[in-house]
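We call the chains A, B, C and D, going by the order they appear; numbering starts again at 1 in every chain.
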Amino acid sequence: MKIGMIGLGKMGYNLALNLLDHKHQVVANDVNREQVDALQNDGATPAYSIEEVVNQLEKPRTIWLMVPAGEITEKLVETLYHLLDEDDVVIDGGNSNYKDSLRRAELFKEKNIHFVDVGTSGGVDGAREGACMMVGGSKEVIQRVDPIFKDTTIENGYLHAGEAGSGHFLKMIHNGIEYGMMQSIAEGFEILEKSPFDYDYERVAKVWNHGSVIRSWLMELTQNAFSKDPELDGIKGVMNSSGEGKWTVETALDFQAPAPVIALSLMMRYRSLEDDTFTGKVVAALRNEFGGHEVVKK
Amino acid sequence: MKIGMIGLGKMGYNLALNLLDHKHQVVANDVNREQVDALQNDGATPAYSIEEVVNQLEKPRTIWLMVPAGEITEKLVETLYHLLDEDDVVIDGGNSNYKDSLRRAELFKEKNIHFVDVGTSGGVDGAREGACMMVGGSKEVIQRVDPIFKDTTIENGYLHAGEAGSGHFLKMIHNGIEYGMMQSIAEGFEILEKSPFDYDYERVAKVWNHGSVIRSWLMELTQNAFSKDPELDGIKGVMNSSGEGKWTVETALDFQAPAPVIALSLMMRYRSLEDDTFTGKVVAALRNEFGGHEVVKK
Amino acid sequence: MKIGMIGLGKMGYNLALNLLDHKHQVVANDVNREQVDALQNDGATPAYSIEEVVNQLEKPRTIWLMVPAGEITEKLVETLYHLLDEDDVVIDGGNSNYKDSLRRAELFKEKNIHFVDVGTSGGVDGAREGACMMVGGSKEVIQRVDPIFKDTTIENGYLHAGEAGSGHFLKMIHNGIEYGMMQSIAEGFEILEKSPFDYDYERVAKVWNHGSVIRSWLMELTQNAFSKDPELDGIKGVMNSSGEGKWTVETALDFQAPAPVIALSLMMRYRSLEDDTFTGKVVAALRNEFGGHEVVKK
Amino acid sequence: MKIGMIGLGKMGYNLALNLLDHKHQVVANDVNREQVDALQNDGATPAYSIEEVVNQLEKPRTIWLMVPAGEITEKLVETLYHLLDEDDVVIDGGNSNYKDSLRRAELFKEKNIHFVDVGTSGGVDGAREGACMMVGGSKEVIQRVDPIFKDTTIENGYLHAGEAGSGHFLKMIHNGIEYGMMQSIAEGFEILEKSPFDYDYERVAKVWNHGSVIRSWLMELTQNAFSKDPELDGIKGVMNSSGEGKWTVETALDFQAPAPVIALSLMMRYRSLEDDTFTGKVVAALRNEFGGHEVVKK
């Protein structure tokens, strides 16, 4: 197929290479001209504006967005809404909030443009060699773009999940589960670290990856991490987050779905951003007030 | 009544004064001779050993222990087991684990000595002016020592809760609830502190104490604390704990009773003891492994 | 002062009576004509439409909304935006989300109309006899309407918290704390209920209200509840919620403020809405898969 | 090697077969005579009492216990303490609490008997084909029995973790992590189930197992479970537990190690054992008291 690829960052660039490997034609665009030129050397057709992308594709067009969620995606959506024609397909492969995807699908429907949302997991290596993709969109349009997803995913790593929005929703929940699994693993090592035993954490992660119930890719990564820094002495325990965990919790609240462990995993991330907490000060002050318990002075 | 009081720390000394005010006779003992002498000046009969306490009381004797829970209480229990006679009463007013109280009640029963466990709340002021007491023991013996509890508690602040052990159990649960309430209040102020508004926390606590649903003694103490240090700038948010919260959680586990908020309140206290966490390091390392997310270097 | 009161439900009606008691003039409106007539008998001036409210007040007008948050408030705000003039004051005494209040304050500012948001606690009795009010708005306008708040609140139960929005924000956080305190108290009784002791819960709540650290209005209500139904046999443990707890958690997420106990208290409410959970089914199925542990068949 | 195997349940029987496959000699014992005879047919030497096991082994002996933790293990430990001689080795392959293992190692040390604790993961299939084993014991004795563990584990699935106790400790933490991971996965599906989309859960689990961050053995089992019962309609969400999760939380409390997510995962299991909760009743009653909110009558 011939695909317009907008956004040649780490993910988009590798995905484009992956498409080229599979004999697809790629019309490549990025705000950074050098990325476009580089991909031209790898076999893509360059496009230095969105208009050029649109003009170099034959109707019905297929355009894949691989750009940051939020404002940048929103602007592109608006631009494409004006440039595209009936029966064209817009694929959003970024980490968009499913509510935005639902809204955009509705918007495009006004002009009979098809919207497809793709939640992508597996990182840069996945984009290059075969990712995990959760895809939302109508049956008809997914059948049309099916080869793209088949070719860029690993075996069994591609699911048409349902109507538009269901792909990004599924990716969001995937990340929520990921938060909980990571926190669980990490708490286990927290207790080991305080135990009277002198464990070799890399070897612990390794044995847990072979035959145990908790063997998992995250545990393999744990093993890798400890192989580089056996006690993680070099890093601070600051747990940043990039939005999808928060969306998962907000979604659980919207549906009144009890998801306490995922919510708490997120809260512990926020806790890790603080050196000291106001919560702690209030409790310490209260203990001092009623029981005369000493506070730690600053 | 004539009561042997063993342990003249802040709580025991004030409780003894409270008893003397109410025309009880007190035979006073402490490991610290000066405390005994001081209380003699206030009207007590001095006793410089446990034997002296026992000998200066007429059968059936009533002895109140107001000493630290754990080893010190255990040793005294053993000593008294040997020195006391049938129908004597031992009252443990310390913060003992209810399991120890159950065991000690059984032990004393072998010699037909009565055991009474008292959970005391209200601090030093309470001990002096009128405390809150949750009392466990058999109906018969509680009737006998009833005047002591009536006289040293505030109105309605005395409950014969049930058989031996039930007093310390109730005090333990009281503390578990206290952990949850304190954490709840403190989290509220945590969010206020991060809000775009510029609240005067003392006045906030004050208004919440007048007519609102969350008015409470803890909120009054919150107001006091902020009146002394408006932003709690002088103290660190280290939340120590003294055991009863932990016992509450352990008890919940023993009974398979879901008490997630009390458990979490305790966990947040432990979290506050750490400057950085191993949990956080593991999660940060994992995020770096799978997503290339930057870690904070030390 | 002369005040337009829109919304004569349980809260608004009693608040209007409270205002009349304090010699204020009330122009009363409600969608329900009978409520208006009833309040006329109590001394108010009737108004059967918003236009009538506006016309019966002299400039600068003061209008108090006591209607359900959300759509109904929104519509009234739009109507009043068109009907009111410069320097008029709109007071929203409902349970509005502070984000709406911030937005509405901006909206009214376009026409130099003043917006005041009031978080009210204390229930119907409070509205009638003296409530707790947390008020947001500019210094100048609050000074003008100050008598209204002074007269309808209990002593010390009124706080000008800050700029517009700060009143509803404070009320929201108040409710978040309330969720945590209620869950803490309830978990304590949960453990008591599973204990080997046979507690009289009403008397437990009573003793905890006299001299203990956890004495509070909520514990008094606990005592009341048990006095009516000693084991709460007549009711189901379904914990509904009305929005402000959810907003508190969403706000904590927005500010990356760790508030794990409040979040968990909300999650346990959602959990209580389920007879059985999909979460539980998945875990049970997994235990069966890896360990052959028996599942409970339906 | 020649090994005495005591306990021929599902785990012990398959482990014995595994040992026989690897040309070890097995002296087999069980309280159930038929199990002993069956294993004799498979090539083991039968022993109908503990004494027979001991007598049929040459010094220094190696005896593997594969019996339920707790009382049964304790009794066997006492019996073996009396029957065994210096330099013999006792391996406990059951799910014992590490504190018991520490105590038993000390006990056997009095007679210079070696104690080895083995945490085993991987279920019955693992026992038969190659398990995951976390082993605690002194360097010297582990070297001696090393072939047994090498032969009965899968590649890289065997770790000498440290001194006696460290094996069972590591298995315990493994299970704690397992609780958290399972709850995380299950909560994800809980939200999916309440979403507006119509997911095929088996296919969701399948796609998550191919290329995603959360691919894991537990997710494979999730896929299996949904393949048998697509909506898990046939089972109830009762989440039982068998002790090691509780021990993990108790251990976290002992070390003041914050492990909130593991603790909460356990609490949610206890919650699932209740149809209705006393916690919920108390909160519902309180909402009714202060706000007149309706309760659900039974």
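To be clear about the criterion, a contact is a pair of C-beta atoms (placed from the backbone, for glycine too) under 8 Å apart; a residue touches a chain by one contact, two chains touch by 3 or more.
Fair warning: this is a prediction, and the values are worked out from it, not measured in the lab.
Trainee: Can you tell me which chain lies farthest from chain A, using the average of the Cα atoms as each chain's centre?
Mentor: Checked the centroid distances; the maximum from chain A is B.
Trainee: Between B-D and A-D, which chain pair is linked by more C-beta pairs in contact?
Mentor: By number of C-beta pairs in contact, A-D is the larger.
Trainee: Whole-Å distance, chain A centre to chain D centre, using C-alpha means?
Mentor: Comparing mean C-alpha positions, chain D is 34 Å from chain A.
Trainee: Between chain C and chain D, what's the gap in Å when you average each chain's C-alpha atoms?
Mentor: Taking the mean C-alpha position of each chain, the two centres sit 49 Å apart.
Trainee: In chain B, which residues are in touch with two or more of the other chains?
Mentor: Residues 183, 185, 187, 190, 193, 213, 217-218, 252, 256-260, 264, 268, 271, 277, 279, 290 of chain B touch two or more partner chains.
Trainee: Chain D touches which residues of chain A in the complex?
Mentor: Touch list, chain A to chain D: 121-123, 126, 130-134, 136, 153-159, 161-163, 165-166, 169-170, 173-181, 183-185, 187-188, 190-195, 197-199, 203-204, 206-219, 248, 251-252, 255-262, 264-265, 268.
Trainee: How about chain B: which of its residues touch chain D in the complex?
Mentor: The contact residues of chain B facing chain D are 213, 246, 249-250, 252-253, 256-260, 263-264, 266-268, 270-271, 273-274, 277, 279, 290.
Trainee: List the residues on chain A that touch chain B in their complex, please.
Mentor: Contact set of chain A toward chain B: 10, 123-124, 182-183, 185-187, 189-190, 193, 217-218, 221-222, 224-226, 229, 232-240, 242, 260, 264, 268-269, 271-272, 275-293, 295-298.
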